[in-house]
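Structure record follows, encoded as structure tokens.
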Amino acid sequence: MNRPRRPFTSADLCLGTAVLGVALFAALMAPWLAPFDPIAQDIGQRLSPPTLTHLLGTDGLGRDILSRLIYGTRPTLALVALVMVLSVPIGLTVGIVAGYCGGRIERLLMGVTDVVMAFPTLVLALAFVGVMGPGLINSAFALALTGWPAYARLARTETLQMRRSDYLAAAEMHGIVGPRLLWGHVLPACVPSMQIRLALDLAAIILAAAGLSFLGLGMGPPTPEWGAMIADGSKVIFDQWWVAASPGAAILLLSVAFNLIADGLRAAGDPSRA
Amino acid sequence: MQCRLASILAGLLLSGVGVAAGVPGTLVVVQSLDDIVSLDPAEGFELSSESVFTSLYQRLVQSDPDKPGALRATLASDWQPGADGQSLVFTLRAGATFAGGHAVRPEDVVFSLQRAVRLNRSPAFILNELGWTADNVAGFIVKTDDGHVRVSWPARVGTAFVLNVLSSTVASIVDALEADRHQVNNDSGNGWLHTHSEGSGPFRMRRYIPHEALVMDANPRAPLGAPLLKTVVIKNVADAASRRLLVEVGDADIARDLGPDQIAALRGKPDLRVFESPSASVHYLLFNGSNNAKPVLKNPALWEAARWLIDYDGIAGKLLKGQYLVHQAFLAHGFPGALDTTPYHLDVPKAREILAKAGIAPGTAITLDVFNQPPFNEIAQSLQATFAQGGIRLQILPGVASEVYGKTRTRTEEAVWLYWIPDYYDAHSTASAFALNREDGTQSIAWRAGWHIAKLSAQTIAAVEERDPAARIRDYEAIQAEVQRSSPFVIALQERTELVMRSNVKGYRQGLTAEMVYYDRVTR
Amino acid sequence: MDCVPQGIRAVPDRALLSVRDLSISVSAPHGERLIVDRVSFDVGAERVALVGESGSGKSLTARALMGLLRRPLKVSAGRLEFEGVDLRALTPARWAAMRGSSMALILQDPRHALNPVLRVGRQMDEVLRIHQKLSAAERRDRTEEMMLAVGLAEPARTARAFPHELSGGLGQRVMLAMMLVNGPRLLIADEPTSSLDESLRDQVLELMVSLVEHRRMGLLLISHDLQQVARYCERVLVMYRGRLVDVRRTQDLAGAEHPYTRILWSCRPGGRTYGTELPVLVRDADERLDMAP
Amino acid sequence: MRARYGRRVLRRVAGAAATLALTIAALLVVTFALSSLSPIDPAIRLVGDHASAASYQQARRDLGLDRPWPVQFARYVSQVLRGNLGTSSSTGQPVRDDLAKVFPATLELATLAMLISAAVGLAFGLLGAWRPGGLTDGVIRILSLAGNSIPIFWLGLLALYLFYAHLHWTGGPGRLDDAFEYTIDRSTGLVLIDTWRSGVPGAFVNAITHLILPVLVLAANAIGNIARLTRAALLNESAREYVILARAKGAGEARVLFAHILPNASGAAVTVLALSYARLLEGAVLTETVFAWPGLGRYLTTALFAADVPAILGGTLVIGVCFVVLNRCADLLARAVDPRIL
């Protein structure tokens, strides 16, 4: 049964997309939405609790947390997108080629994948940021460096599964071979299985960035990246809880949204399994 | 076994965990110990190792904890300057013994000082100031009889300066017999002393576990009297928020290095007390004038404008409230000869005017290296904001301390925010860093900034050779004023140590420099 | 194509299963979408074929009869009775008690339908354990007996095997044995032979029919291959796009008037076309497990 | 027949050893290259900023930094082959001794966290898959996502604040109270075992009260992943045909889930658990920082910040071996539960 895919078929999907939409909207319209300049300091007003002027309070340098949160969608989403763009294609290519070619190529590629997986994630990320210097792009590279093997393994399993089914044989019989086969037939089969993994990883990326900030290797001030904000806020977590709470809530919300979208897409792709 | 299980279950149910009464006679200090390289006084030169050397070892003379600026006879009971003005004869304290039981002999003094020079580890340069080198030191430190040691020096410096140098931790007296006994590969016991103490200080090391803890037991034989505590436990707790909880609950008696906001939250709690004491640590901004890729860094107008672009009061009064004072000369307040004038304050229009006059375009971008820990991040962001108002775009590059230092050593940075702590209790330690450029590659701060100051350097050398204390003070005041006015450094802040302790902790003393930490009179 | 009235049916001597206006729908954001539209038929102790192309709703109908459909699919019926019991009102426990003991289902491909990680013997044993109170030894005897009856020559060895170690033909026999061991009244076989080699198909169908006849059971044989099932069944129900479009006795098929039936009848699948139909069931299409930080 | 089996086992063992050796070799080369590229100068870390040029040069010589890095690496490898991991420049101790101290601490934390997160995560996964889309599933989904989306240092600090500082239910940062900390023999490095063996009254209980929070905080983080992926595996399996057949046999929902779906999903679950465990063994530097836990994660991080190459390499080595071994075990286990895999 080849039903047309209709993306907006579930409440999960609607809700998730709505939250993500709000975040994207905030990123695009930040200068108009944010009540203050996100890097303007007012040291006299530092660590102020939420008030009518500063709806979410101010941070340690007297900057408006709400404005930073709104502007923060930009580096945060950019980081997430960048890590995805870097790690997913590498992982997919390695995994599909390994699964499809088999033999020596598979052993070589999966060997490399296993070596990268065997790396202590943090060591690799810290060392990389250490060597390249802090910043958005370098943080993204560092996180992608350790992130792709998971996708490679997934894609390989998926490809192997397809090889065993008659489907690929049929496609090959029709003369669809090589890259076209991989791109047009194997790749789409990997997509659904990627979704859950991706959705789980997105939050992990923001948190990894937060971890880097906590250890002093974040994106570099004054960028209002959410991970850095939460790391900053944790210094005063017992007395000025709101400084860390709002970026924390934002990360949770975004993570839930990503997961809702993943679940929703899955359900939309296949109504027999909600 | 069953019995033990039952007691465990009962224990879990009834556990009065957390409500710490503490162990009687034991003081628990929480701080970060991650910086310790070695606990051998001839090698260790980190803040944490310095802070325990005074407890574990003694020097011939030491700073008097009760009289800032004065020296106190410690392992030496007395000293006599030689007629040539280039030597001193020390009389050793009668009956003094090391914690291990051996008597302190002139041989130990000779061994310890010569050893420190020959090992040539990080603090050796302090002794090098006297002209001692690995090759010549044997002739300058000699035993005269069973109670006396004669110390002489080739450098043209006065006895006051020499005594100050000998009060630094690198000049600690080590038990030569023990060091020899634990010698491996001719290391004069360096490997052993990494994690053990063989000194005569009020405490003796029971155990040192790197990155975890350092435990010291009282030394009942201590020449200046046994300490009041039985044990001091210094625990490595790297996270400041965790340190705060420990002292708040009472599992720790003293917590170091808390942020200003954490201190503010604990101030006024009934069981806690905030201990405050000035520190000799001075924070400054440095422009690297030897960086040829960016000529603007050489421009004195930039230096001048920068002095008007720092929100001194905002940082010291609000951002890092209580932990910093505005201080604009290189000698810390409290040091003899310190210049306490603060002519500069935040004045954006004035800075803009200076920059415009010098033709430095608004929007000029400069990278600023800082350490990636509090409070440097906060300070850097404050600078970034005020410099932006003046038209200078600062790009902050946070880094690990040794990485930042690495850049300054190779002079590859543009601007950097650093702090300075004197290596020994003498003005020359600091003056030779800020106002002396021998142009021979000696790594002074002036050399690092590419600041060419033939005249000022001569003045600095003259000051250390000056033997009249009052004239010396006048010299240093003049040098400071010049540095304050025209240097590529913007000296901005002086630190104030703030610790939180349980209110039953009494008798804790701390001085200006890193090694002036005294646990011997503490009770709880 | 609506030339055939909805109510058409041929009434067997005594109905085991009686279905009236069975509809299956899937919930969609804007109302519901009908997949099976008001199907009515009866099955007695006879052999009935339910024929249609893939996607016509025949498999869903079969599963609806066994109460196996889950959300978001919804089943409604004017009547759904098995041996006089109203299936619509059954509790989950009653349903479970009925499945595998009074009604049985055989699926297309034993390689997927048998649990891959359990030994065959254990899976056979399970169906006895669920429905009867027997000692382990009794269960073993019954299992062996049944396996011999479906032509598994070495029951003990087969019982120790994992499903993937069996050939398709053997697997299908195992499934048959498993489903018949409790002596059900009605067997629903959903494309039981389409995963098998052509040479085996008739063998399995013959076995199935002979067992069913011998036990006087009803058989609902679902297939896309009208030609083949016609040889084994007395009546044929033809489904097209979720509707029952034709109902005939087998001997009348040659004279069928309904155009769709005629197409099915004249298109005789044979060795040449074997394998062109892609698997209907979704397999492995979901999340794959893999972990990363 | 038997001989061929023996040969196959032999070949498999040889293959595993080769994989291990190759993986470790690759790890060491990359780590070494990265550490050499690091802008952090280990000599400065040792001598500090004020030292004289002569002291600095001497430190560089002592560290072997004056030689080209291939020489340094060759020297390191020949050392490792002789069983010597070198001396850490930041602790001044042999790396082997350091690791023998920090790894048990991490092992203890990780193992306990793993046990808890495996139990809770699998239970959550099962509950969620029981009625996907239901209320329980929703609540569990939010809970596991929260565990997954809350920064661990934040959770750790809050937990300390609440349970240690305010309620006094648990011990604070560190592995034991000071009353026990430096008096108990720490021969195994596992605080539970050491305190138990010591027989000191209260020590064992004290160790538990100190372990609870870091273990739970670490587990909270891992539970999310395990629950989500278990649920996904179960749902994935529940869509298969054998599930339909099991129902057709008359199996109730519980039997379907536990007797049919679960055994099939357990191969995947084993992989998930093994990888989670490997990640935990890496040392949770953030948790260890907050709870002043002297484990592998912190050791490695401080080594990185000090560009302490022998320590970094030693730590990476331990983690690499753990990963490869766990991966192998997971493969073997997956084979044991799923006869289809050869």
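Chains here go by letter, A, B, C and D, matching the order in which they are written, and residues are numbered from 1 within each.
Quick note on the criterion: a residue touches a chain if its C-beta (ideal position, glycine included) is under 8 Å from a C-beta of that chain, and two chains touch if they have at least 3 such contacts.
These numbers were taken from a predicted model, which means no experiment stands behind them.
A.B. asks: Spelling it out: a chain qualifies if it touches subunit A and also touches subunit B; which chains qualify?
C.D. replies: D
A.B. asks: Give the label of the chain whose average Cα location is farthest from that of subunit D.
C.D. replies: Following the centroid criterion, the farthest chain would be C.
A.B. asks: Count the C-beta pairs in contact for every pair of chains, then give the pair with the highest total.
C.D. replies: Counting C-beta pairs in contact for each chain pair, the top pair is B-D.
A.B. asks: Kindly work out which chain lies most centrally, taking the average of its C-alpha atoms as its position.
C.D. replies: D
A.B. asks: Provide the C-alpha centroid distance between subunit A and subunit C, rounded to the nearest whole angstrom.
C.D. replies: 45
A.B. asks: Return the distance between the CA-based centres of subunit B and subunit C, expressed in whole Å.
C.D. replies: Comparing mean C-alpha positions, subunit C is 85 Å from subunit B.
A.B. asks: In whole angstrom, how far does the Cα centroid of subunit C sit from the Cα centroid of subunit D?
C.D. replies: For subunit C versus subunit D, the centre distance works out to 50 Å.
A.B. asks: When the C-alpha atoms of subunit A and subunit D are each averaged to a single point, how far apart are the two points in Å?
C.D. replies: 23
A.B. asks: What are the residue numbers in subunit C that touch two or more other chains?
C.D. replies: Each of 71, 282-288, 290-293 in subunit C touches at least two other chains.
A.B. asks: When you check subunit D against every other chain, which residues touch at least two of them?
C.D. replies: In subunit D, 39-40, 133, 153, 157, 161, 225, 229, 232, 235, 239, 279, 289 touch at least two other chains.
A.B. asks: Where in subunit B do residues touch two or more other chains at once?
C.D. replies: Only 241, 245, 400, 403 qualify.
A.B. asks: Tell me, which parts of subunit A touch subunit B in their complex?
C.D. replies: 39-41, 43-44, 46-47, 60-61, 130, 133-134, 216-218, 220-222, 234-240
A.B. asks: Which residues, counting only subunit A, touch subunit D once they are in their complex?
C.D. replies: Those residues of subunit A that touch subunit D are 111-112, 114-115, 117-124, 126-128, 130-131, 133, 196, 200, 203-204, 206-207, 210-211, 214-215, 227, 230-231, 234, 237-238, 244, 248, 251-252, 255-256, 259, 272-274.
A.B. asks: Enumerate the contact residues on subunit B facing subunit D in the complex.
C.D. replies: Listed in rising order, the residues of subunit B that touch subunit D are 4, 7-8, 11-12, 15-20, 22-23, 26, 28, 30, 34, 37-38, 45-46, 120-125, 128, 191, 194-195, 206-207, 209-213, 215, 233, 235-239, 241-242, 245-246, 248-249, 251, 399-403, 405-409, 423, 433, 441-443.
A.B. asks: Which of the residues in subunit D end up touching subunit B in this complex?
C.D. replies: 39-42, 44-56, 58-59, 89-93, 98, 101-102, 153, 157, 160-161, 164-165, 167-174, 177-179, 181-182, 199, 201-202, 204-206, 208-209, 289-292, 294, 298-299, 302, 305-307
A.B. asks: Taking the complex as given, what residues does subunit B use to touch subunit A?
C.D. replies: Residues of subunit B touching subunit A: 240-241, 244-245, 259, 261-262, 264-265, 311, 314-315, 318-319, 372-374, 377-378, 380-382, 384-385, 395-398, 400, 403.
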